[in-house]
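Scroll down for the structure; my scribbles are underneath it.
By written order: A, B, C, D and E. Residues from 1 in each chain.
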Amino acid sequence: MKVETGKNIQVQDVSPSGMKIIWQEIKKDKLAMGSLITLAAILIFVYGAAFFMDAKEIAKVDFLSIYLEPSSDYWLGTDYGGRDVYGQLIVGTRNSFTISLFITLFTAIIGLSFGLLAGYFGGATDNVIMRVIDFVIALPQLMFIIVVVTIVPVFNVYVFILIMTVFLWTGKARLIRSKALSERELDYIHASQTLGTPHWKIILFQLLPNVSSLIIVNFILNLAGNIGLESSLTFLGFGLPESTPSLGTLISYARNPDVLENKWWIWVPASLMILVLMLSINFVGQALKRAADARQRRG
Amino acid sequence: MTLLKVDNLKVHFPIRGGFFRRVVDHVKAVDGVSFELQQGETYGLVGESGSGKSTTGKAVVKLNDVTSGQILFEGRDLAGLSRKEIKPFRKDIQMIFQDPYSSLNPKKRVLDIIAEPLRNFERQSPAEEKKIVQDFLDKVGLSPESIHKYPHEFSGGQRQRIGIARSLTLKPKLIIADEPVSALDVSVQAQVLNFLQDLQQEFNLTYLFVGHDLGVIRHMCDRMGVMYRGRLVEEGKSDEIYENPQHIYTKRLIAAIPDLEPEVRGEKVKLRKKLTAEYESSYSKFFDEDGRAYDLKPISSTHRVAIL
Amino acid sequence: ACSDDTEKSSTKEKKGKAVEQVDASKFPTKTTNQAEPIKGGHLTYGLVSDTPFEGILNKVFYQGDPDNQVISFFDEDLLDTDENYVFTNDGAASYEISDDHKTVTLTIKDNVNWQDGKPVTGADLEYAYLVMGSKDYKGVRYDEQMALIEGMEEYHAGKADSISGIKVDGKKIIFTFKKGNPSVTTGLWTYPLHKEYLKDVPIADLESSDKIRKNPIGFGPFKVKKIVQGEAVEFEANKDYYRGAPKLDSVTLKVVNPSVVVKSLENGDLDVAKVLAEQYDQAKELDNVELLGKVELAYSYIGFNFGQYDKEKEENVMDENPKFKDKRLRQAMAYAINNEEVGEKMFKGLRFPANSVITPNFKYNNKDLKAYEYNPEKAKKLLDEAGFVDTNNDGIREDADGKKFKINFASMSGSDVSEPLARYYIQQWEQVGIDVELLDGRLHEFNSFYDLLKKDNDDVDMYQAAWGVASDPDPSGLWSRSAEFNYTRWVNDKNDELLAKGISEEAFDDQFRIDTYNEWQELIHDEVPVIPTLFRYELAGVNDRVTGYDFLAGRQYQWHNVGVTK
Amino acid sequence: MNKAILEVENLTTSFRIGNKYHAAVDDVSFTVNENEIVAVVGESGCGKSALALSIMQLHNKQRTKSEGTIHYNGQNLITLNDTQMNKVRGKELGMIFQEPLTALNPLMTIGKQIEENLDYHTNLSRDGKKKRTIELLTQVGIPYPERTYKQFPHELSGGMRQRAMISIAIACNPALVIADEPTTALDVTIQAQILDLLKDIQSRTRMGIILITHDLSVVAEVADRIIVMYAGQVVETGSVKEIFNNPLHPYTRSLLNSIPSATHEKNRLHVIEGIVPSIAKMDRVGCRFQDRIPWISKHAHEERPELHEVAKGHFVRCTCYKEFYFQGEGDESAHDITQSR
Amino acid sequence: MWKFILRRFLVMIPQLFLLSLIVFMMAKAMPGDALSGQELNPKANPAELERIREELGLNDPWYQQYARWAGNAVQGDFGISYTHKTPVMDVIEDRLWNTVFLALVTLIFTYMLAIPLGILSGRYNDTWIDKSVTGYSYLGFGTPIFIFALIMLFIFGFALDWFPSGGSVDSKVEEGTFAYVVSKINHLILPALSTALIATTSTIQYLRNEIIDNKIKDFVRTARSKGVPESNVYSRHILRNSFLPIAAFLGYEITGLIGGSVIIETIFSYPGLGQLFLSSVSLRDFSVVTAIVMMTGFATLLGTLLSDIILSAVDPRIRIE
């Protein structure tokens, strides 16, 4: 039996627009604010510095400076190839972040497209898309990725992003589908239908803006989650080549117990960088999440 | 003049189940409903929750697929039309939704909300469009500056008026109002009801008014139909039905309306008890073995009842 | 942390024989503990591997080296070898080669018995040949040398039920070869199968049978007591071992991950384990562990691509006009790299420049040859001479026709240093003006890498790889015109001739063989179809309570000598 | 005169919003007697639920502040700690919530949820509790109590759920039941049944009932006394007859006039301008209703509006009622209503 | 219920079929084969290798190989592992159990940590307890598991030497004895704990949010209005409802652990499926690779089914008929 919505309407305050709420929420939350600043600082610095750095120089093997401790020449010492860890950290941070960004972006786009289609049309469309998603989810992902990595002839950042995207879009699609499913039952969608608005317009201009906060929050949180993504693959030996240094490359040098125990400068800064990036993105994401959910808002 | 004629309308929703999610049964949400709307009148549909009122209304605007039956709008059958074919009729038939909160896209400004139908049917310059929207806002009693606001910046009643303005922009002939006030506080409800009446006069609108509050229906409607389990059990002039209900379900429904006069409450309790007893004893007079109401039979020129 | 040189010289301890063999030896090969081993001693051996051992505990069938290490505790070949991997008569059997070099007679010693008490007989060794030659056998041990035994090919083809060239007489077994081949003194298969025990199992099922996997019976110093599949094996002493009861009562072999070896040695979890180069720094700091070292039977090299393998003709064919046609170009590339430094710095002295493609632990290694030394000036000069000059002043040399000259270099992933090493080479070549690029921008995983080489992928101009070599010094398998493994596809008449000479009957005369191979090595050195880059040391960490452990090359069967003193 | 069960005096309940406390219930006083139904009416957001929850002491202590006294059975509920209050809640005071689906634990059977009340306030045996539960279910008119006992909330219809909710509230024969919009979610026919049921139970147990609703016709149907609330304050109170026959406060009159009555002619309905101010934005000086009747002169309002007793037991806040008239033609119909009674 | 399960199994068939097809083609697409490794041995005879390839059918077109393989796989025969020379199922069996034990113990640790911490953090949200628990879970979120596991290994496996540093059981103890069980568990603790300490953080957060959500539900207020003491409000109402989604997640969690075992098994040299998978990939032991992927895929499907069944068991609103 359907229950009447009844009269449980609260008289609402005139509330500010989305961006303002987000900004206010971040301002309220010192942690989020600090995180945002930290994040911005790191990114500006890293992208800026990496731009001026000579990638070749960083990758240059130098036997005279193997495993040097941090010094004024090498701020963070060198690795077993005599390569500057600091430079690798900068470029690695940039690479890891860029990878994470693009994976998140592509998964968002794919997940969004399929999620919206499945959610909006429901029925057979939904069924087909959900079966595909179920299938991809049932794949043992890490194992599959390892196999794929061994198959692809060329393995670089783009290929990596592509492979990860293939496996990671499903979660988003599911999330957005369920939101879209509930959203399409709302009368504003019905209204648009009775007003003669074509489906594609409804999906793009009515549905999409209403799942956007969900997407943004999820995007940010995934961005944090995806930063460490390549590190475990690198650890297993299926990561990107060392010529494309990433945070994972530096961290997985710690596989060698000698490095882990005695050469902290190689892996600790990268680990901290991952931690700091993930946390600060995450904190910003949490604040956004609160902003998106009126019930949790602090202000 | 008959604007809308619904003839033996059936809307069945499939229930899926079993091995391959085949359709095993149907919810007969609307199961053979027929009524007519004259130009300029307000026709009410009442009934308890789940009786198929909304489904009927939505079928008319093609939000639901019609299983069988005809929906004749100005003599043309809408039931079998495809999405494309239906588009021209969208201008003529509009809908007002129950919940003013969910029926307006929270992410859109009022301008975009009200202009949406215009953009679908007519090409206008932004300035013209703005002008039209502001005119309508004025008609529904909202200030022209409102176009840049978002729905959440309005009260429930104001929002409902925005929804109404949106449905008016295409100058429809028929408006389906699905419980347009049941989400509103009494005081706000009054505002919207008054306003709907004003518009009807101004634009010579025809309303199909769906509701469960008999006070509201009686207040608004010239004629009404009482629905029960997907079927009409009684139809006629509002007064006829209130003063002289014939079907046992209608009687119970009316007896259940709380009365504003505290003095009569003792009698009403007794009346309700009596009707409950009657309902049980005379069940077969009103329903067949399957519990389905009989077809409507005229008992006067305007009044029809589903009895044996 | 980088100045290991002083460290190394202090551990430098030259021991009699080792010095004769390997001039560059920096490591002791024998434990120094001379104390009397205690009774009932127990030793833990670390099998260094990041994967479990497969558990195919028989030399006829095993595939991975981990299994081989397990086998060496409880089973042996019948013939032992000396430091040059030449058979001796010290082992379970003695051998005799006929004057015409065509028959070899093995006589198994009387007290050599399987661990179930049954004597090891000639029939057991014959059975091994019957199995390996059988159609049902899916292993890879059937090789060219076996095919030289009379009747072996017929048997292998299924045309005969037995091998006519193998005669058994109790503890004696006589092989007859179609032609004499000096490789028999190093490469003859002398590992028997316990026929009595195994004969009921169809050959096709042997490799998966419990008799081989769970309850293997050998005639080595220890008996398998218990196997935890893939992880560990418990051994107990075989008191009836033909060389006398072992000094240890029991041995535990367990798989240890390379990354924890040093730690496990340090805290005494392991008594003996191999130590990887990456952890050398850490290992040499340990007080309770002695590091032993020997030169591995392997060399790394940089190969040039000259052509392809013609499947039809079953031989290698050089291109009409290969990229590396000019010898001077190849030499220049060899001069451009500093292997001395690579070995010292990158491998912490655990690798050293290779002067040849025959490893220095063989007497056949040409001691007179000097490895190409780092000499960029000479490299540039050679390049100039060969016409490789920078015509457009971009710092990169164009080829003799003035066209752009670019080399695709393939290298294999594997150890931590693989990538910097590849980068280093590229860097060095760039310094002399040769544009080299890493194929696909990354290292190739082992399988993909060899897939490229095997299929003669045209994108590979040059590659870096390594060969592990067998105890048989004959290089034909990798160098002959018909060798499929000759991945450079380099063919040369002189080469063919010398290789044939090296395994001719005359080569039973050792000096003749040495001379032949010296000449061959000179040819290679001069022609540079490959640049031999590095030889390597293999290290073992041994707890100082262990006595009698000898890490020297060739000394496989010595576990009965090992004891513990604490 | 029945004896008083609950006496609320000067109750003020404030919520913390940001760093400030804002009163949602502002200085409310009233009494509930035995066998009496006191209705609390008012628009959405006027503080009805806040009042109910204050009596039950169910507000989140960290974010809410209650002042004044709530006398029940010789104790001031506001001063009780949780343990003491738990002895009162469920046993002496029962509560019925508006939305029976969400107010019932979806994972517990109906029987268990009713029994839970008995667990803490009686020492009946297991069988005893079950017997009592079945008895309660029968009492509230559930047709198959044995079966319903084992069912989960989602398996019942709305009316059935509300009946189950009522059995929870009356399980321990409380002296007072607070029903917060018990019928808003229900169809009219079922609403009538539930209201009849409450009356019926009351006639047997003589409990007091506080009925919270926004629907004046429901009040007319069942209540003995009415408290009309506006913006956290009581604006008018009196017996049902008194208020329906002689509504005085402009707010009460406006409310009555805006109801489209099933039993009356099609008139233009009265519209109350504006909306109930939110508690954070509320103007707390002067008459809170004055913004919504701007055509009434400011001077008609008291500076500090107080409740005036205009007849026995009939109180009206502020003096503006004296000068109030409906704007425009609307006042005819208003006249109509008041005259017709 | 049985009908439902049967139907789900029927639906699995096409999924498994598709999975097998993809897995098989991918395995074949990997460069090299099981014999490539032998080619490093200069004494190996290329012609001989070719003969074996032919014999093993490695030279047939892929669809023939697939048909053969699938035909056997349907009967539970995944072929012979080339490197282990024994039926794949035998190779997998021991490892599978090891991995399953590891997953179970990890799961137990995960919940042992998550439940009390999640409850504390949710119940006393915004207090210092909550803040420290949340801080911990953020740290867990940002720490790469392998670094953490390595550090754990070095501290507890070596520096303190409390736990064994590798393997699944001490080779000296007799199978079937009590000591054997103890040894097995002893080997599990460190890897399981390392995973749990990191993996638990998402469960903690999940539980915390569920509790915070449920705390303000209407039925909780109803319970309070009945006079239910606070502790019972939690135990009987809030917690039960909060555990619901977590219980439902159990199935996924187990399969996630089995599928994700690669890293942790590598670090702790724990002979399980993940480690076997890695070595089989590098040795191109296709029959093992495909079998492991198929089994993990199947396990995942079972896990989803399990989750649905659990959910219907704990949530009366979802009934599977």
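One rule holds for everything that comes next: a contact is a pair of C-beta atoms (placed from the backbone, for glycine too) under 8 Å apart; a residue touches a chain by one contact, two chains touch by 3 or more.
Predicted, not measured: the structure shown is a model, and the values here were computed from it.
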Subject >> Target chain D, source chain C, minimum contact steps >> reply: 2
**OP:** Please name the chain that ends up farthest from chain D once chain centres are defined by their CA atoms averaged.
**Re:** C
Subject >> Distance between the centres, which are taken as Cα means, of chain E and chain B, whole angstrom >> reply: 55
Original post:
Any idea how many Å lie between the Cα centroids of chain C and chain E?
Top reply: 39
Original post:
Which integer distance in Å separates the CA centroid of chain B from that of chain C?
Top reply: 89
Original post:
How many angstrom lie between the CA centroids of chain A and chain E, rounded to a whole number?
Top reply: 24
Subject >> Shared interface positions of chain A, touching two or more other chains >> reply: 1, 3-4, 6-7, 9, 11-12, 150, 255, 257, 261
Original post:
On chain C, where are the residues touching two or more other chains?
Top reply: 259-260, 263, 445, 447-448
Original post:
If you look at chain E, which of its residues touch at least two other chains?
Top reply: 30-31, 150, 154, 266, 278
Subject >> Contact footprint of chain C on chain E as seen in their complex >> reply: 30-32, 35-46, 48-49, 52, 55-56, 80, 83-87, 90, 94-95, 150, 153-154, 157-158, 161, 165-169, 171-172, 266-267, 269, 271, 275-276, 278-279, 282-284
Subject >> Of all residues in chain A, those that touch chain B in their complex >> reply: 1-7, 9, 11-12, 14-15, 17-18, 186-188, 190-198, 206, 209-210, 212
**OP:** Going by the contact rule at the top, pick out the chain A residues touching chain E in the complex.
**Re:** 134-135, 137-144, 146-148, 150-151, 224-225, 228, 231-232, 235-236, 248, 251-252, 254-255, 257, 260-261, 267, 271, 274-276, 278-279, 282-283
Original post:
For the complex, which residues does chain A have touching chain C?
Top reply: 59-61, 63-64, 66-69, 80-83, 150, 153-156, 237, 240-243, 253, 255-258, 261-262
Subject >> chain D partner contacts - residues on chain E that touch it in the complex >> reply: 217-219, 221-230, 236-237, 240-241, 244, 314-317
